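These are the structures, in structure tokens.
Below, chain A partners chain B and then partners chain C, in two separate complexes.
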Partner chain A sequence: MQLFIRRYGTLIGFVAILAFFSIMLPGTFPTARNWLNISQQVSMLMVVAAGMTIVMVMGDFDLSVGSAASLAGIVAALMMVAGQPVWAAVAVALVVGLLGGAFNGAMVSLVGILPFIATLATMTMFSGLAFVVSGGKTISGRAIPEEFGNFARSGLPLGEWGGVAISLPNLSIIAIVVVLAVWVMLEQTTFGRRLYAIGGNVEAAYLSGINVRRLRLIAFSLTGLAAAAGGLMYASRVASANPVQGSGLMLNAIAAVFLGTTMSRHGEPRILATAVGVLVLGVLDNGLTQMSVDSYIRQVLVGGLILVAVGAGSVGQARR
Partner chain B sequence: MSINKSALAFASILLATTAIGTSAALAQAKVAIVTPYMAQPGTQFYVEAFEAVAAENDWDLNVIDTAGDVAAVISRMEDLVVQNVDAIVINVDPTQVSAGLQAASDAGIPVIGMDAGADPLLVTNVTSNGYAMAAETATYVADRIKGAGNVVMFVFEAFPPVQVRGVVADAVFGNYPDIEIIDRVTPDVSDGGIADSRAKMEAILAANPEPGSINAVWAAWDQPALGALQAIEAAGRSGEGIVITGIDANPQAREAIAAGGNFEASVAQDFTGIGTATAEAVARVLAGEEILQTVTYVPTKLVTAANAAE
Partner chain C sequence: MSQNAIVEDPVGAPSMPLLSATSITKAYAGVPALTGANLVVAPGEIHALMGENGAGKSTLIKILAGVVAPDGGTIAVNGETVTIGSTKAAYRLGLRFIHQEFNVVSTLSVAENIFMGRFYPRRAGLLVDWASLNREAQGALERLGIDHIKPSGNLGELSLGDQMLVRISAALLDDAKLYVLDEPTAALTRDESERLFRVLREIRASGSSVIYVSHRLDEIMALCDRATVLRDGRSIDSGAMANITHDDLVAMMIGRKVEEAYPKQLKPPRKALAFAASGLAGPGLGPVSFSVREGEVLGVAGLSGSGQGELIRALFGAARLTAGTMILGDLPYKPSSPAAAWQSGIAYVPRERRAEGLVMRRPIFENITLAHLKRQSRAGILLAPRRERRFAAELGANMRLKAVGPGQDVIELSGGNQQKVVLARAVAGNPRLLLLEEPTRGVDVGAKFDIYSIVRELTGKGTAVILVSSDLPELLGMSDRIAIMRQGEITGIVEAASIGEDDLINLCYGRSPGMVA
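Entry: the complex of A and B
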């Protein structure tokens, strides 16, 4: 019974939250339109958290994802202002994210700095760079090509529901594709199994012939790439870029992964569990807004929820 | 007897209808304010004034602060649309949340801007009149120097809200044949604007060494005015009676004005008034009125040594 609660407590909690909102808001919460909204609202966090999961599988952290997301948005916006085509701007911004991630990886695996410290430093660096290249300004309005902003506003038409045309937003599609790609990578390839081996016992992994340095370098690069993708999605959604707009993504991404870890057998991060963690955060924001709950109370609730979820898992283990 | 019975039945039906009618009329209007900038002092004044009107009108008001997250403003607007609120008020650049504005527009929910910026999807944007603010300080300068003398202008064409101020000041000064604009400076604002304005003013003072050769400095916002003040004081020319004016009446400017030096006047936006006027616009929309003005201007207030400490 205790094991059951520890393993499924968070999932039960999630279902309870869904049931609660469905009862309190029967006309609006459990509707297709609302869920398509939620899927779009969490899409940016979903992509960043998916990337975060990759390094957290090895027991590492990346605190720089928020700054990397902001930097990617700024780089793309500046290129578009300079008259470059959207695809080129997006490609360069993604490369910037990848290189930033690789730099994190190099600091952690080649130089040997603790990830917490290395990425704390690069978080400041990336943020500073975003300010330097943008001059601290928000890039918006006519400077941003319409098609870039329109991307986040369109989607795949799903037909009519209750007389209203609904569609699966493009941002949601990207999030689903990224989660599936990370799932295949972590759960279905030797690369993923090796990352879990490093997370289980780095010494044992090394002694069994796993190239820990190279894998860490790749993992951090991918996290940087995902952060840049999340930042671009954010920039498209607000049709603008400013040097701090991604900063909220980092703590929420870590929170989502931690919520997810309470659902796995040994407390290791699993991508699908991370996805549930992201949904918990998104659903709380959506439902509590609809119930007119004060936005500050929401923050307290989310923090409390993480403590309860992670605590429920630890209590059982501490007894042993 | 049977007539009585049917009368009774009729009366009770009427009563029931009235009860339903009144309960519908009593249903509170749902209004929401969404802002990423609650931590800024101006926003708090808007919201408090708005809350006061909302309480009078018995609205079910939901104030949402996304703590700097602009994408979350769109998300919360989508949630409010799903919830089918009666009106949404935003306090953010509308071009950044056009996805949310579109969602509200598709659902027929009116969105009102509270010092947000102009947008075709807003019913109206309630803000201060930049033209009027510039006219206040430009006429102050013209009157103080008695319609004659040399004036230095600090302007900024690249930022539309500040650009309009320069246009109005040009018109006011142009109406006085004896006022000459000896320099029209655009300071570098990357460091906040004070330091470069000071450097530019020092150069102008050096180029016009005669006492009385500069009569006034008109600045399109407070930072250049403060920079000019520093330059004049550092050059030891504060005794010449050079009149300086700014716009916005930020705390540093108010302090300088209250001190009674060359910096004599600035213009304060009425944040409380903007909040109240926004709530009044919402009330009009809820009453089914069509608002024709896409921008609603709230009067501003000239700040001089007489009221700078307020």
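Entry: the complex of A and C
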């Protein structure tokens, strides 16, 4: 019984949340339209959390993903303001994220600073940089090309539902593609296997001939890349960029990964479990908003839920 | 109650047993660990608890310690049936446990570790009285005849053996009825072990008892009064040590007779050199020079901390070298990392299988292929789990690895089988040079033999082996030549066949062979 709760508690909780909202909001919650909406709402978090999963598989953290997302959005917006084409702006912003992540990786693997401290420092640095290059202002309006904002507003048409045309938003498609790519990488490649070995026993991994430093560097770079992608998606969705718009992503991404770890056998992060964690957070947000629950109360509820889920995952394990 | 309730004490008069565990059963997730174990310990005796890894010793001890609840059976202490529901309950019953994995805090002082969980002496009921804490700790150490450990020193700076002695002196601090020692001498030197045995005999003389778990049969023969042997979760026999021979014990543990402790060499070493080092030096090492021929086992002996670990790590690219050259086959060899060493055809079985060897919560096959992913995958990138499982299953079968299947998590295996997983990884690529560090530490007789057989098989195929061990019979039984290390240097290399155990000890201490130890 304990084992059952530990393993499936989060999934059962998720189903219970779905049932609850479906009963409370029968007209608006369990509809295709709302679900497509949720898929778009969670898409940015999904991408960032997928990136976070990569470093957390090694037992590391990246606290800088939120600032990296903001910085990437700002960089892209500034380039577009300067008249550069959208594709160039996006590419440069992604490279900025990749380099930022590589810098984290270098601090952790080459210099040997604890990930918590190293990324706490770069979190501040990236955030400061975003303010410096943007002058602290929100970049929006006509300076942002329409096609950039339109990308988030359009999607893949799925046909009609109840007389209204519905489509799968582009941002949701990106999130799905990223999750699948990370799934292949972590579960189907030697790279992923080695990351899990590092997370399980770094000394044994090293003595088995795994190049721990190089893999750490790559993993952090990929997390930075995902953070930048999340930031760009956010900027596209609101057709603007400001230096703090990614700040909520980091804690939610870590929360989603932790929610996910409650579903795996030995409490290790798994990408599909992370995706469920993201959905739990997204559905809660969506449902509670529709029920007009105050946003501060919402924060308390979401925090409490994380404690319950992770707590249930350790039922009977705290002996000391 | 059966006749188990009355036991013969060493003198011969019947007496109430101090502890009796009867028909104990326990299954983990349906897999039986104990299927009817009996253990009766009389007051004032040293009782050996023996069995192969996985026979159920650890489970039985955990039940006595209140860590695991039994499924069935009864436990009585001093004739009264008890339920040991927690470690506290075990403590109140007067049972003390000294485990294989020591629970120490290396950043605290020796005295603090000894008094951990106890009330520190205070001044005015408030401030810790450090002087008397250290004094009392000193007293506890002196009981073991230890005068070289400073109570105020940091525990982390002590050798593993000294740390163990600190743990033991902590358990001996208050007078308990029964001490349970699980493999206490695994990390101890001979002198340290002797010191411990003196204390255990003192405990026996004072009327308390000891349950002593060890794979070292010689120790048990010399120290213990009676023995209980477990096999496959049930007790096979228990009896007075005086009536049992070494061979009887081995036969009882593994259920068959073992003719020889060490398998015979399949082929003599070849002429060609497999590896040569000249003038190797680094922190705590050297300069050392030596060579190994193809198919040869070069043993490395020495007191603990004489540079054996540094040497192996240097050969494996895991430690910095300041001078010296190496040749592998006929090419210069200069590893920059363990990854480079594996690629050059050098394999390594590290000293601590849990800390350095295994990813405990991952399956057997993943642990084995960890060093061979390049070949056991598609193009070095995509995983091929079915190929990996087959690969692991073949290796496992060859070394008689006991497991549900290659997908079983390593953490669920017994110590001997875990060691076989580490060895399987090392031999998987048919290495040119195999580095073994304490390959059979904490491993039972049957698994030891299996491990030795695998080594023989490899040397027969031309693999050179460097074997670092503190188990002298193992060094003498397996090596062609033995290098003696002292203070980071090789002081001599001898033919293993030409010397005995006493000579080897003398050499390790820097005395000439032939002296009376």
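The rule is short, and it goes like this: the second predicted complex is superposed on the first by the 318 of 320 C-alpha atoms of A that agree within 3 Å, B and C clash if a C-alpha of one lies under 4 Å from a C-alpha of the other, contacts with A are read in each partner's own complex, and residues count from 1 in each chain.
In the analysis below, contacts are C-beta pairs under 8 Å (C-beta built on N, C-alpha and C of every residue); 3 or more make two chains touch, one makes a residue touch a chain.
Just so it is clear, the model here is predicted, and its values are computed rather than measured.
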Checklist entry - So, A:240: does it touch chain B (first), chain C (second), both, or neither? => result first
Next on the checklist: Applying the document's definition of touch, where does A:290 land relative to chain B and chain C: first, second, both, or neither?
Outcome noted: first
Next on the checklist: Per the contact definition in the header, classify A:205: touching chain B only (first), chain C only (second), both, or neither.
Outcome noted: second
Next on the checklist: Under the stated touch criterion, which partner chain does A:79 make contact with: chain B (first), chain C (second), both, or neither?
Outcome noted: neither
Checklist entry - Thinking of the overlay built on chain A, is A:268 touched by chain B (first), by chain C (second), by both, or by neither? => result second
Checklist entry - Which touches a greater number of chain A residues, chain B or chain C? => result B
Item to check | Which of chain B and chain C A:189 touches, first, second, both or neither | outcome: second
Checklist entry - For A:123, is the partner it touches chain B (first), chain C (second), both, or none of the two (neither)? => result neither
Checklist entry - Tell me, which parts of chain A touch chain B in their complex? => result 25, 28, 31, 33-34, 37, 40-41, 44, 135-136, 138, 140-141, 149, 152-153, 234, 237-240, 242, 244-245, 247-248, 285-286, 289-290, 292, 294-296
Checklist outcome for this item: Residue positions on chain A within touch of chain C in the complex are 187-194, 196-197, 200-201, 203-211, 265-266, 268
Checklist entry - Mind pulling up the chain B residues that touch chain A in the complex? => result 30, 32, 60, 62-72, 74-76, 78-80, 82-84, 93, 95-99, 102, 190
Checklist outcome for this item: Listed in rising order, chain C residues that touch chain A in their complex are 316, 318, 337-339, 341-343, 348, 350, 355-362, 366, 370-371, 373-374, 377, 380-383, 409, 425
